[in-house]
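Shared chain: chain A. Partners: chain B in the first complex, chain C in the second.
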Partner chain A sequence: MGVDTIVQTFTNALVLGSIYAMVAVGLAIAFGVMQMANFAHGELFMAGSYVVFTLYTLVGIPFLIAVILAFPIVAAIGMVFERLIFRPTRGNVLAGFMATAGAGFILQVLVGQQWGVGLMRSIQTPYPGSTEILGAAISYQRLLIFPATVVMVSGLWYFLTRVKHGKALRACAQDPEAAVLQGISLNKMTSLAMLLSGGFAGVGGALMAPIIPVTPYMGHTFAVTAFIIVIVGGMASIEGAVIAAFILGFIHTIVTTMYDSVTATMVGVFFMALVLIVKPTGLMGRVKV
Partner chain B sequence: MLKFNLSNHLLVGSLVVIVFFVVAPNLVSAYRLELLTIFLINVILAQSYRLMATTGDWTLCHYILMGVGAYATGVLAKMAGLPFYVVMPMACVVTAFVSLLFAIPLSRTLGFAFFIASFALGEFVRHVWLKFHYPFGGARGINGIPKLEIGQGGEWYFIDFWDSQNFYYFTLIFTILALMILFRIDRSRLGNAWKSIYSDRELSESIGIDVAKSRIMVFCVSGFLAGLAGSLLAYQIGSIDPHNFEMVEMVYLIIWCVVGGVKTFWGPLIGVLSMSVVFELTRPLAEWRPALFGLILILFLVLLPGGLETLPARIRAMLNKTSKQREAG
Partner chain C sequence: MSFFLVENLTKKFGGLIANNNISMEVEKGEIRGVIGPNGAGKTTFFNLVSGFYRPTSGKVSFKGNTISGLSTNKIARLGAVRTFQRAALFTDFTVLENVSIAQHMNTNSSLLNAIFGHDNHREAESLERAEEIIEFLGMQQERDTMADNLSHGLQRQLGVAMALATEPELLMLDEPVAGMNSGEKAVMVGMIQKIRDKWGVTVLLVEHDMRTVMNLCEKITVLDFGQKLAEGSPEEIRSNPKVIEAYLGADDSVT
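For the complex of A and B:
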């Protein structure tokens, strides 16, 4: 294996890990506050891709603005989920989880009816060309994802540790009853958590839109991986999700390079089963889910 | 005089249903007959899933277990060329064994983690089918599974199950058998012990029920019957591939159990029946169907969490309330 292959694999893993982190962090935030497990997280990711498809390819708005707009649009869908599904089923994790499976079906059908089911939507990359690092070619489009993730995740970190509402959110995740006693509105916090969760999934999907085929069913694989990641990381832990995302990103890329993607998925799933058996709380988890 | 108590109700009711299913092939078209056969297979599947749910463990891999039964049938019947009376029991045993392998790590987890981990293990198995072309046929799956038959052509006891009516009766016999077994389990000491795990895990542990062992046992029994359903399905459709056992199918199974409810034996039956009817009625709107079923799932989970089986009790409670209000007013 030459240096270029190693660098190529490393950067690919970094990019994949970044996108996993972006998707999985959203799941972890939602689960941390009142245990909202969103089955349709992959569909929110898909919605983000379609926002870029509509705004950038059809309307002609600049790519970066379309990506930024994906945040509020998909966050709104997330908040609708919270209001209509998670709030009525609060206290029953499985019910919320199953109900969002239904919501995922609805989103898939709506998108399929609007933009076509079978037709794969290819989105032209706004940044053609690639750079060469030590003989490995990496396209600009892929290279954009890593800094974008760094900005998003550090923004989230700032919000959660320095901003009042973010602190309230963390308080809610730690002890909802105590948080309510401090005058924090639980409903506002679950809504905020789903806003962030949807927004992150939306931006993730938006950034990936020019790289992967955009179909109404594209979210499924990402959701599966994201769930594996949050379980490995410890359901409600955002740090755990980020760490696990990069671990899984590296495992997936290395196994795909050496064997094939089916084997990579098998190894990922097996890794998760192993973590669950050895440490049911996940890598960084405090509570057993 | 015949005393009309509950067990008589039950006996008469199930006899009526069985008679209906026995005469049904003469009343419906060949296409509808296939649907009825699939319906019966789904009944076995939903009931075996309900058995799992009695301990409070909802899984996301039941469809995969059905697939294990179907794949075992495909491999044994097509590649090994074994007759059905060897294949079907073996398929069930293989599925029960795979269930055991699943259950041992899964019994360490609870609730939501159990749910997700079962999904991951299921995906692992599905990827095994995708990856290994021999013997599972990769993404194309196994085609041309030989239809089952009893005896050779020309012999007096020869029954050819190519005939969909014959296969229908074959399935019906197994469905009735499976339901009888499950009904007995439901009413037995063992079944009650399993239900107690759902009601209060710690309490049932303190009175001497081995919770971990029970959960593994339920998983295996449930897997055994899922394997039966899978075996019948493989013989019915004749070809299987990994796409038959995707997540979507699992969500439909969950919809049946959520709509019907899982507390009583009848819940999943009501669920499968009502949802199959809805499924058939919405055939003209095929592309909108997932959205409709998604909506049904949400509405039931949010508005009627116990499923249709709790509806009579709810209506009774509502009527009592209004009559009391009338008395008061």
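For the complex of A and C:
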């Protein structure tokens, strides 16, 4: 294996890990605050891609602005989910599972009816060309993803650890009953959690839109991987999700380069099983008393 | 207008009447204890008056506002806050962070405000308040300790400190000395007295530990089989034959 292959694989892994992080972090926040898994999370990712398709490809708004707009638009969808699904089913895990899975299908069908199911929408890359690092060709489009993730995840970290409402969000994740006693409104916080969750998934989908085929069903694989990441990282742990995202990103990329993507998925799941055997709470998870 | 008024409170769980027609009144500045043998309905009563359960009939009012049926954070905003028997705190936060998380009760900030409005002045204010409470309760040594690493007694103290951070007028304590050793109990009793004496906070507590209640409370309400059995000063309660009967049983042969 030459230096160029190693650099290529490393960069690809970094890019894939970034996208995984963006999608998984949102899932972890939602799970942390609401104790419920959002099975429509992949569809929020898909919605982000379609925001770019609509605004950039069809309307002609600059790509970066379309990506930025994906945050509020998909965040709004997340908040609608919160209001219509998570709030009425709070504490009922089974109902939440069915309702979110159903919402995912609804979103798929709506998008399919509007923009078509059969054809894959390929979105022209706004940044053609690539740069060469030690013999490896890395497209500008991919190169953009890593810094974007760093900025967004750092922003989230700042919000959660330094800003009062971010702390309140973490407080809700640790002990909702105690948080309510401190005058924190649980409804407001679950709404905020789904805003962030949707926004991150949306931007992730938006950034990936020019790289992968855009279809109504594209979110599925990302959602499955995001669930594996959140489990490996420790449910509800943001740090854990970020670390696990990059580990999975590297596993998938390296194994795909050496063998193929099916083997890569298998190795990824095997890795999850291994982590759960050694540390059942996940990498950064803690046992709740 | 009474400060805290419970009127004909009844709670049924299916066919079981857990609380039956209980009335009581707590005056401002009082330390009131609610006691009763196991299964007397203390916990149900506590959950009713703190808004956790909705009563089957009857009502609870605080400063003229009916609070039965309101959500907990709304009741907290009105100035009546409860603690839990378990340590209800944020284990990943330091003591200071735990106490400063309380939201300002009078603000109704919107969601957008929550994200973009970084109100430094208000944050500084709540931090100042938190420092004051920690000092007042003598917990400066633990200020930067993770809540997870505190002893049981200190975690319960932290629970009281967090309740105080919401600036309550009425503090409702659910078995504040449960599971504590005698040293920890003494500290907690001192703390509750100080909270009332120095800050004028009215205290309503449900407690198992007879000695603590007798030492701490000016007035005691006794529940038995879901009904109010007696009410009075510790001396009156101690010598009330009905109370002795409820606790020890009527049959003389027991002793």
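Note that in this section the second predicted complex is superposed on the first by the 286 of 289 C-alpha atoms of A that agree within 3 Å, B and C clash if a C-alpha of one lies under 4 Å from a C-alpha of the other, contacts with A are read in each partner's own complex, and residues count from 1 in each chain.
Here, a residue touches a chain if its C-beta (ideal position, glycine included) is under 8 Å from a C-beta of that chain, and two chains touch if they have at least 3 such contacts.
For clarity, every value in this text was computed on a predicted model and none was experimentally measured.
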{"item": "When both partners are placed on the shared chain, which of chain B and chain C touches more of chain A", "value": "B"}
{"item": "Which superposed partner A:G17 touches (first chain B, second chain C, both, neither)", "value": "neither"}
{"item": "Which of chain B and chain C A:A95 touches, first, second, both or neither", "value": "first"}
{"item": "First (chain B), second (chain C), both or neither touched by A:G26", "value": "neither"}
{"item": "Chain B versus chain C as contact partner of A:L192, first or second or both or neither", "value": "second"}
{"item": "Touching partner for A:A168 - first (chain B), second (chain C), both, neither", "value": "second"}
{"item": "Which superposed partner A:G78 touches (first chain B, second chain C, both, neither)", "value": "neither"}
{"item": "Partner chain in contact with A:I228 - chain B first, chain C second, else both or neither", "value": "first"}
{"item": "Partner chain(s) touched by A:G219 [first = chain B, second = chain C, both, neither]", "value": "neither"}
{"item": "On chain A, the residue positions that both chain B and chain C contact, one per complex", "value": "289"}
{"item": "Sites on chain C touched by chain A in the complex", "value": "71-73, 76-77, 81-84, 88-93, 97, 101-105, 111, 114-115, 118-119, 122-123, 126, 162-163, 165-166"}
{"item": "Residues of chain B that touch chain A when the two form their complex", "value": "58, 105, 108-113, 115-117, 119-121, 123-124, 127-128, 130-131, 247, 251, 254-255, 258, 287-288, 290-291, 293-298, 301-302, 305"}
{"item": "Chain A - residues contacting chain B, complex", "value": "35, 37, 84-85, 88-89, 92-99, 101-106, 108-110, 112-113, 117, 220, 224, 227-228, 231, 235, 260, 262-263, 265-266, 269-270, 272-273, 276-277, 280, 288-289"}
{"item": "Touching residues on chain A, where the partner in the complex is chain C", "value": "159, 163-165, 167-168, 170-171, 174-175, 177-186, 188, 191-192, 195, 286, 289"}
